[in-house]
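What follows is a set of structures for review.
Two complexes, one shared chain (subunit A), two partners (subunit B, subunit C).
Showing the complex of A and B:
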């Protein structure tokens, strides 16, 4: 058939569709490569943790839990893990105590300087953690306060706060104001409105904020680097210090456990709220 | 109202704003070792940062790395964002999960993964030798190339998410109109889709650039002294060289740079609803 055929003849669109398929396949193949690139460093860490011998390599030459056994019996790592856990729990509690009321205030009140307050509460996301850590370290040194689990927790509250404010704020904005007003008109006390009306509606966002903030603290390395001392270290910092001097499967086992915490937490959140909504 | 937002604001002021002001004050002290607290304030440290070779090198190195990583994440990430935005398949959802998951894995662990891959006996070297590109293992770890690849890996999600979000928001009717008027698929992409996605591209680029400037853990672990960057320089000045005022000045420069970039990203995002 000649190219001069009517534009609506069959070959044109069909040819275009075939070309579309080839382009589409190339795109899918490319995305597969990209997925491999993203997963590779995580997969090798998990894989090499099962190595039975001393060598850090992927794939491992067998399957052994020997390094997990060693990691779980190491005072260094277990102590650091406890610190990380305690700090993450209290940092999350602190960020919730400060962040939830602030998120409510930002969502429900129109006041002068609202933008400024919102900017201020977001600022821990904008300032590089390296600088936050340095500034906190200097203030603590200036006031002669020694680094401890408490100072680490106080620092971590700062980085968890913006996530709590954002997540809770967008949930409250989504709740119709008239729901609260109706309850108030019917004579419900403020605390009762919060507990029996607002809380159940924003519960998924609350779970997301909790797990999110827990992970931000639990995985934090940069801020902690300035706030840890020889006696109080966290799990990411122990890994950071360890891999600078020696690379063996023990650290791969610790890293795998650290990663497992993230994956479990993330899986739990994704059951409760759509993921792309949290990250924005 | 004050009772609701007050405590949180006060917390950020006490633990972030005041310490930062103190840092600015420290950066104005006379540099050198054992700074004299009573000396007059001066801008000497800032002058030194922008005139002395070693600090200029770290500023320049950071900028070079930032541009390289931003360009690479854009080139690598755009097709992925395009795919995620267009396809509703299960694989597209899986890809989305793969992009988001690493954001929640400690950067220490991700850097360690690259240490395994890029080591002398690592998988990349074994693959290169297997393919006959080289006879002896190459020094890949602790090089500028390693830092670049590692940062592209860590920051790619920050490029992909805003672009995918803009692409998903585009009205499919625009593309259909262009192709029913006779434009080829390539022409539709170059003249309709790509220009309309530029706000997402801009937001992604600024976001990635700001994060390269602030990156510390990955360059510290898989880079080396040869990779001179602002972040590692700050850490060195403060923790090992014991030149706190100069480290503080470098930190102030870094904050100004990242704050400006991230404010710009926020502005683009709000303006175009990324």
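Showing the complex of A and C:
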């Protein structure tokens, strides 16, 4: 490693360059294939949404916004989209209200059964949504409660909760305990410490938790399948129902809009905080 | 320094800024602090010194209110605060890792305590600026903590703690995260700063040198109790126990038995046939095992002292300003710390005979348990 030895250990410039080129080509090919693998389904969906005729196909036979117009004027899709939005917002709020204090407790206090509580809060990740959906359906039926936006929201809080708890918990673990003690020492009451010290410090994680939570709810289909009714549906479920009877490009247009919402949400959060600072 | 220390000793007659009475703290079955009494006068700087696990940090955290004592009382200017929440105690605390608020500017960090006290904004600005000036950081007010060096962060932590004009300032190993050179500068600087502000201060450290330089009074702790307390000079020159002798400074410990006791507070120790007269410390009994303690820097490489030991030279290590001389005496190790200018040490061959001597007042004889 010494300066003197270095010139001898470097191979001749020509040989080194050729080897670098072969490796470089392989790397480029790998990355291109990787990106294609991820993008291909999206490209197909977005592409076929511009199809002017009645049949879903890729590549499209022309470029038209006909199906976007149709989708945005369809009571079925628009009503479901509003439901999805309202449910996603309230499910996220609910998951934050329950999850942030829980994450704090898990991060800061050592109590009996701490591991069990942690496992319980993460269990919606482990239990198949199908099973959870069925269970919730049975409970609602048993209590004779009709499916509504409220029941959907409650169900979605369950699946959002683990994302909030995990994200916030690891952020709080990363905050030095003595910072909170310093604030107390300077005269801050507990609620002041949360508002002026802890929450501002973990702000990037809060944004991340909101993003994950919102998207988990907004895109959810499996759990929702059990909780929707003829009158209240969500956007993914409407798309699902629609494809069962017709395969026109409206479905691609709606899917493209659904993706657009995710992209906008992701973009907004990444503007608020660099994505690489989001810890999970 | 000695003048300053004399004046602060007389201040002990004034009402104490902090007093701790019969403090006991336990974690479950384990008692960490086992009955501790402490008084800190206005403007006095004291150090809680001791090995890790001796209860010094726990005591500090109890005064700050983060740990509840099982027994005893903590008073600030006579007011009992034992059961008062940390945020209602008016105590300044400088954390080991500084614990600055990373999302706030230096100004907002320092202003935090004043804002919690609902001090009017113009007064906050004035007081924060004064505090930052005191720690020479007035030009860094808008910076974030992570944009500052370790030494600067530490000064922000001090400014933040003193700006609220606390009854007492607690400092938990505040210098341990700095590099050696800065640490040596900061301990002198910190003492000057604390004296200038006149706030009663309690330092926690395991570094005896830091304790000696920084404080008016050193409180040596061992296993949850006070082992000895006194001025740095007393603690260094007149340790009250073998533990204290081992903890402050570098010393030699020669094992022997008490040969006889003198009437003038001296005793004679027998080490394998050689006899040395030295100061008697603690309850010595003729014939009982005892240890002779001599500080390394008190040893001389000549016959000028009355106590002389015929040793075998082993090695000499050059330390810069001084030379460390390793010898063996009757199978026990004797280490001398001599000025580097001392002649003769470097020329010795390992195994050569050498005479080390020390003054009668430099030796202390303690009873030994075994």
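To be clear about the criterion, the second predicted complex is superposed on the first by the 237 of 280 C-alpha atoms of A that agree within 3 Å, B and C clash if a C-alpha of one lies under 4 Å from a C-alpha of the other, contacts with A are read in each partner's own complex, and residues count from 1 in each chain.
Convention: a residue touches a chain if its C-beta (ideal position, glycine included) is under 8 Å from a C-beta of that chain, and two chains touch if they have at least 3 such contacts.
Just so you know, these numbers come straight off a predicted model, no measurement behind them.
Asker: Both complexes share subunit A, so when I overlay them there, do subunit B and subunit C fit or clash?
Answerer: Fit - subunit B and subunit C, as placed by superposing on subunit A, sit side by side.
Asker: Kindly classify A:53 by the partners it touches after superposition: subunit B alone (first), subunit C alone (second), both, or neither?
Answerer: neither
Asker: Go through the superposed model and pick first if A:181 touches only subunit B, second if only subunit C, both, or neither.
Answerer: second
Asker: Is A:258 touching anything from subunit B or subunit C once the two structures are fitted on A? First, second, both or neither.
Answerer: first
Asker: Looking at the overlay, does A:221 come into contact with subunit B only (first), subunit C only (second), both, or neither?
Answerer: Once the two structures are laid over each other on A, A:221 reaches subunit B alone.
Asker: A:165 in the overlay: touching subunit B, subunit C, both, or neither? Say first, second, both or neither.
Answerer: After superposing on A, A:165 lies in contact with subunit B but is clear of subunit C.
Asker: Just checking: does A:124 make contact with subunit B only, subunit C only, both, or neither of them? Give me first, second, both or neither.
Answerer: In the superposed model, A:124 contacts subunit B only, not subunit C.
Asker: Mind working out whether A:44 is in touch with subunit B, subunit C, both or neither, as first, second, both or neither?
Answerer: In the superposition, A:44 touches subunit B alone.
Asker: Thinking of the overlay built on chain A, is A:197 touched by subunit B (first), by subunit C (second), by both, or by neither?
Answerer: second
Asker: Which one hits more subunit A residues, subunit B or subunit C?
Answerer: Result: the larger residue contact count on subunit A belongs to B.
Asker: Please state the minimum Cα-Cα separation between subunit B and subunit C in the superposed model, rounded to the nearest whole Å.
Answerer: It is 16 Å, taken between the nearest C-alpha atoms.
Asker: Can you give me the overlap between the subunit B contact set and the subunit C contact set on subunit A?
Answerer: No residue of subunit A touches both subunit B and subunit C.
Asker: Spell out the residues on subunit A that touch subunit B in their complex, using ranges where they run on.
Answerer: Counting only subunit A, the residues touching subunit B are 16, 19-20, 23, 27-28, 30-31, 34-35, 37-45, 48, 55-58, 97-99, 101-102, 104-106, 109, 111, 117, 120-121, 123-132, 134-136, 138-139, 142, 154-155, 157-158, 161, 165, 215, 218-222, 225, 236-237, 239-240, 243-244, 247, 251-252, 255, 258-259, 262-263, 265-266, 270, 275-276, 279-280.
Asker: Can you list the subunit A residues touching subunit C in their complex?
Answerer: The touching residues are 176, 178-179, 181-189, 192, 196-197, 200-201, 203.
Asker: If you look only at subunit B, which of its residues touch subunit A in the complex?
Answerer: Spelled out, the residues of subunit B in touch with subunit A are 1, 3-5, 7-9, 11-13, 15-20, 22-23, 26, 76, 79-80, 82-83, 91, 94-117, 119, 121, 123, 153, 156, 161, 165, 185, 213-214, 216-217, 221, 231, 234-235, 238, 244, 247-248, 251, 254-255, 258-259, 262-263.
Asker: What residues on subunit C touch subunit A, complex-wise?
Answerer: Per the touch definition, subunit C meets subunit A at residues 64-66, 85-93, 95-97, 99-103, 112-113, 116-117, 160-161, 164.
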